[in-house]
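Take a look at the structure below.
Naming follows writing order (A, B and C), and every chain is counted from residue 1.
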Amino acid sequence: MRLSYSLIVTVAILAFGALAPVIFKTQPYVLYVLTLALCYAIPVVGVNLLYGYTGLVSLGHMGFAGIGAYTTALLMKSAGMPFLPALLIGAIASGGVGLLVGIPCLRLRSHFFIVVTLAVGMILYTLFNNLDSITGGAEGLPGIPRPQRFSLGSWNMEFRSVSGFYTLTFIVTALVFGLQTLLVRSDFGRSLSSVRQDEALASARGVNVFAHKLTAFALSAAIAGVGGAMKVLFLRAAAPLSFELQESINLIVMLIVGGAGYLIGPLVGAIGFIALPEFLRAAAELRLVFFGFVLLVIARLAPRGICGTVELLFRKLSGKDASVVRHS
Amino acid sequence: MSAILEVSGVSKRFGGIRAVDGATFSLQCPGIFGLIGPNGAGKTTMFDIICGRHVPDSGEVRFHAERINGVAPYRLAREGLARTFQECRVLPDETCMDNVLFAAQDKRLGREMLQAVSRGTAARRNTGAEARRLLRLINLERYADQPAGALSYGQRRLLEIVSCLMSKPRILLLDEPASGINPTLLNTLRDFLIEIYRETKIVFLIVEHNMEFIMSLASEIVVMHQGRVLAQGAPEQIQSDKSVIDAYLGQS
Amino acid sequence: MLTVRGLKGGYGGKLIVDGVDLDVAAGEIVTVIGQNGAGKSTILKSIFNMAPVRQGEVALDGKDIFSVSPYQMLTVGLAYIPQHHSVFPKLTIAENLRMGGYLLNDAALLQKRVTKVEGMFPILAQRRNEYAASLSGGEQRMLEVARTLIMDPKVIMLDEPSIGLAPKMVDLVFSTARRLAEAGKAILMVEQNVKAALLASDRGYVLELGQVRITDDAKALIADERVSRLYMGIRN
């Protein structure tokens, strides 16, 4: 296999991620923050698929994360279902809601569509807040169980400790990123890109634009659902506030700061947004101010986010002219 | 034998304006056909109707005897109808090679998802050689890995046309291909179109404003005026047709 | 009155107008004809300093006006009525006329000019309190011309004034141009409607690929076979 930079970077990230529990053995707080960051990176992958590759803006995506979260939580807590099927059903539920929302809404022109996604996010939040009997209302669902121990021969994995759950989250995140790569670097991904670049041209070349947008929307909602589920399993509690408007907007901020349209953009963005402020001991309120400022800088100087800037520098240093092709 | 493209009694109005008003013409055999007419003749609307962008209010368009009016553009593309755009559209973020390959890609959603899983690249490899040949034809082989957005306008125009060919179309519809092209490059464009016609022997339908260009390229011309078909015939016939001249210069 | 020498203009990329000389004297109507894409509209835009890329000399009544910015052109006496409708549809006819006097600082003069213009176009006076959007295509053109006259320009440039108009309205537009010429204005028109425009004009220029191919008296051009051969794409 050709030794390309992206391959080296991927292996390095995977290695670091896999070894993190060992590296930070004596600093459980670091693992805690990394786990949280990964739980956010997953829904951002969904937003990346939708916005970075298909060109659709969704301002209510945390709502879908909430569907996955509550579904998985209820199945595991009340029905005692094991982790894997509960997670899959959670993903199917959020993907299904995404499909239902997408069918009427994706035919709308872009500005209307954006407003509608905002509304959908708010509606879902209201449902989480008010369907007390199902979701526990504003107080949410406490006492969500962690996944059961997993044994293979003499090898045991438990998920109650910070490092244990971190490892699970790492594996799930890696699989989600793997799925992203699979989708993006396929004929399907190429068609999505064509929809983003020029819908009229895509149609003229045989792309069923609506079907592609709908598929991307449903997939991104399902992925968001996985992220939501992991988050509430981690925190062992689900609450509506986790899935309200500000959270949805945070997803977009993470993606833009990390780099929309780049495979590791979501990871960079989530780590930057969640982990960095924690490690810098910044207060929660200041974080938003700081990221507002960062967004302005990015919009002006580096619209392709951190990944885009790195790629640009890379090209300049290697002497190639900084052309548009940024793939993936 | 049925005509390759048959337009019967097509009408289309926008608000109060009758852009096309009962237009009828047919293209019987393979050839390069021009669709011309003065401003407001309705030729662009007629072209857009054939391409599926507008649904006619009345009338029919048949392609190889199959009704195509009202069919979505993406379906028409899969049925072998390839078109270019007046403002010249290519995928700017993709390389020239990828632009050409994309046209040949099977775009049925099911097939695409299957390819994502099976990771089959045989299709791309097989079409890669043909793509290179087409790029060589338009002298852009050395730009194969450059983004299409970096090409000059004329180069993009050629890339756009050649991408259409990749999908092995049964009819090629060109929307003002000469527009925006430097006069010195028009001869190259004309020769190129003649050559690909010789290769493919399919129907070319070209909407054009540049009279000199289309008259020296097409074997037959359809003239529209005020939403209807005014005349159809060989270029020399059309050029000396008084009703056509009057349509362009305005009747005194 | 209007002298143009070596005019070149374009929108970045390639030059659309590539070396054009033309003259329009006070009291005459000059029409530029040519195929789509020949550069007719671009000539007017280049004269009016509305083309991003331009070169050449433009003089009005002997004075160099090449570098005058578009919004000041009216004050030096050059008016331009673009091809696409430019009345303010949500303003009344009277308000549209007053907008024509935006650059006038003298309220009394503005009123005098409005009254004069309403006298020239009675239909506008009659419907002064109606919204401009309620006018027909031809009447809107009248309003555009009237509005321009508030500044009492010396040269008026019209970009395809007859486009999209019914034959009666076309006659109205051209006869209005005649009236303005008779009042001493210099009229430069760009037109698609070749025969009708030439019939109303004194002289004409035939444009092809950004350059003047033929120039002659309008009557001579009407009969000139070269014009129809050009339009039909017949190469010599």
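Keep in mind that, in the parts below, a residue touches a chain if its C-beta (ideal position, glycine included) is under 8 Å from a C-beta of that chain, and two chains touch if they have at least 3 such contacts.
In this text, all values refer to a predicted model and were calculated from it rather than measured experimentally.
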Between A-B and B-C, more C-beta pairs in contact link A-B
Min distance from chain CA centroid to global CA centroid: chain B
Taking each chain's centre as the mean of its CA atoms, subunit A sits from subunit C at a distance in Å of 58
For the pair subunit A and subunit B, the C-alpha centroid-to-centroid distance in angstrom is 42
CA centroids of subunit B and subunit C: separation to the nearest Å works out as 36
Per the touch rule above, subunit B residues touching subunit A in the complex are 51, 72-74, 77-78, 82-83, 85, 89-95, 98, 102-103, 105-107, 109, 111-113, 115-117, 119, 146-147, 149-150, 163, 167
Listed in rising order, the residues of subunit B that touch subunit C in the complex are 38-40, 153, 179-180, 182-183, 209-216, 238-240, 244-245, 248-252
Subunit A residues touching subunit B in their complex are 182-183, 186-191, 193-194, 197-198, 200-209, 211-212, 215, 323-327
In the complex, subunit C touches subunit B at residues 13-14, 35-37, 163-164, 192-197, 199, 209, 222, 227-228, 231-235
